[in-house]
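Let me begin by presenting the structure, written as structure tokens, before commenting on it.
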């Protein structure tokens, strides 16, 4: 097990995430209309779809950044990590479906719940990959314990937030949507709290 | 022929497998309905499609892991290996079609047979790539003969099992489905048997 | 932060851009007709779509070349650059939609305006990534200040040109189309002006 | 211009070719039928589509092998090579369209002609990239002149053969199809002729 092996896992992971994030655009369909006025109206109706696209692009993008940071600290991997990583990718690759569903049925709790559960499970696997690599000593020695503890806490918090958004979508779909968006607002205060002396 | 050449073959292989595994999601179609109750029913009907997605994702994922392990032991390649690898990729790239077919016609023996044959041929090429690289001395010297013998045996066993699932699908489609799933259950006992002293 | 980290950002960027540029072909639909004569007529009608394909392929291709050149000069990155790069990729990944829209409604100002704004925003982010990396000292010391000043000027000029094409499309759609094409004609005189002593 | 720059061009090229080759599967559509007997008949009707898939997969695969071999000999690149490479990729990315067209209208000369011209132009650019890199001294010194002369000859021959298949398709579509297939049969005698003393 050497760096070039890790390189190939990263390459496959990057490939799946790059394809999944780019397939999101297929959910924004060009309208079929007859007049310019109709086209204008239909394009205005596409704005929520564009919002869904931007949200899912940002969410997958952040998962990629987190994965990139976590795997940069690895010195080795095992079969369990490989299986966890594939499960993580299977959830990320579901995102174009979950995005299309929650966009087309934006008022239906079940659609929002499926979107929330998909994100929650991806966060959960992501968190567990972190725990597993720490426990099995697969990370490089220079990786600080407190940084690890903090990253793990954020990953666990995101998991809880995304999973909780599923039942809360049945109370009100907008609560779930606000919870997803809130994860971007939380990022900066959390980071400041976690690493007050580091400059990134 | 040096490592960077092997790197580019790996990159192309990773690319094709990453695209094929991510295209599987296009088979799970967002339902078109009018009410929340209908949406709920249609999503419940999608559960088998989600199962097909998970199975094919796991199968392609395992092919990738096996390919990754095999190619990590290579020190060189030849034109025959290049042609075999392209044939292997052509079969993997058919998986989104074979998955969609066997999912939409889950009771039809012919659909299951095509799925089984696609997997069987991919396993066969995979096994033959192994035999070819051993015979032509394309593997690194540190690759143990007994490990090779064992890997080759598993690959041959999987080939037989997948190819046999095709005629048995005509007896009962569920037999074929159980055979595909069994390859995941067999993995751990086989590995223990094969490398009792190695720690992965 | 080392070169291999930059390597993985490049790999993800290349992946998204490679998928987006290849998805452009899905906009060129094979006609459904009954006779050879009809097929001939329908294929002739596809020529403008082929032109749109070529234009967008060239535009994304040039964005890739520019990105490649800019990132080859980096010695480090920060969280802001990561976020900017993801935003840039989200705009590039919209190109198959924007291309399909402006091709199917080639007479509608709004379609051309959306195409122009998408390109303009991608150019703007591209320009700002340049400014940000210079300001934060993320570029290698051997990168000349005057080269930087010049690249930055071109990037800003392209941004202005693409963004201006949006309102001008409401005067006449063809003005916008000529402006997009003109960016390819401008490239050579600008380069000569900018680096009279460099041989590429 | 160093090796890592070449690495990124290769990565983008591999990405586009991997996506284009995998998108070919989208042309094989799962039939929509009611009974097992109908499914059987429809699947038999898909066999020519599977043949088209195999042919285009093999053709793109061979273009990839040739590109891989040619770029392995490069020591540098210039802006012209970058533009040629993007044009080459634009033609490869058209292959899913050209394959679908020539498969669905397998009796129509115009469909075969478009397939032949796409391949011919890709071969032509491929040949010209070879000429350009030799002329500008972009290849490594260890690359033999006679090997170059021979590769260039094959590339030119393939270009002529693919371009000639277009007018000959109007005489008889099967002549064009046989010409495309013949390029695989010609490979081995040509290679023997060209490098009698090399062992691959």
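So that you can tell them apart, the chains are marked A, B, C and D in the order they are listed, and the count of residues begins at 1 in each.
Please note the rule applied: a contact is a pair of C-beta atoms (placed from the backbone, for glycine too) under 8 Å apart; a residue touches a chain by one contact, two chains touch by 3 or more.
Just so it is clear, the structure is predicted and the values come from calculations on it, not from any experiment.
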item: Type of subunit C:subunit D copy interface by residue overlap (half), same or different; value: different
item: Furthest chain, CA centroid comparison against subunit C; value: B
item: Centre-to-centre distance between subunit D and subunit C (centres being mean Cα positions), rounded to whole Å; value: 26
item: Separation of mean Cα positions, subunit C and subunit B [Å, integer]; value: 37
item: Shared-contact residues (touching 2 or more other chains) in subunit D; value: 11, 15, 18-19, 23
item: Subunit B residues within the subunit A interface of the complex; value: 3, 7, 10-11, 14-15, 17-19, 21-26, 28, 30, 36, 39-40, 43, 53-54, 57-58, 61, 64-65, 68, 72, 200
item: Residues of subunit B defined as touching subunit D within the complex; value: 4-5, 8-9, 11-12, 15-16, 18-20, 23, 78-79, 82, 86, 89-90, 93-94, 96-97, 100-101, 104-105, 108-111, 114
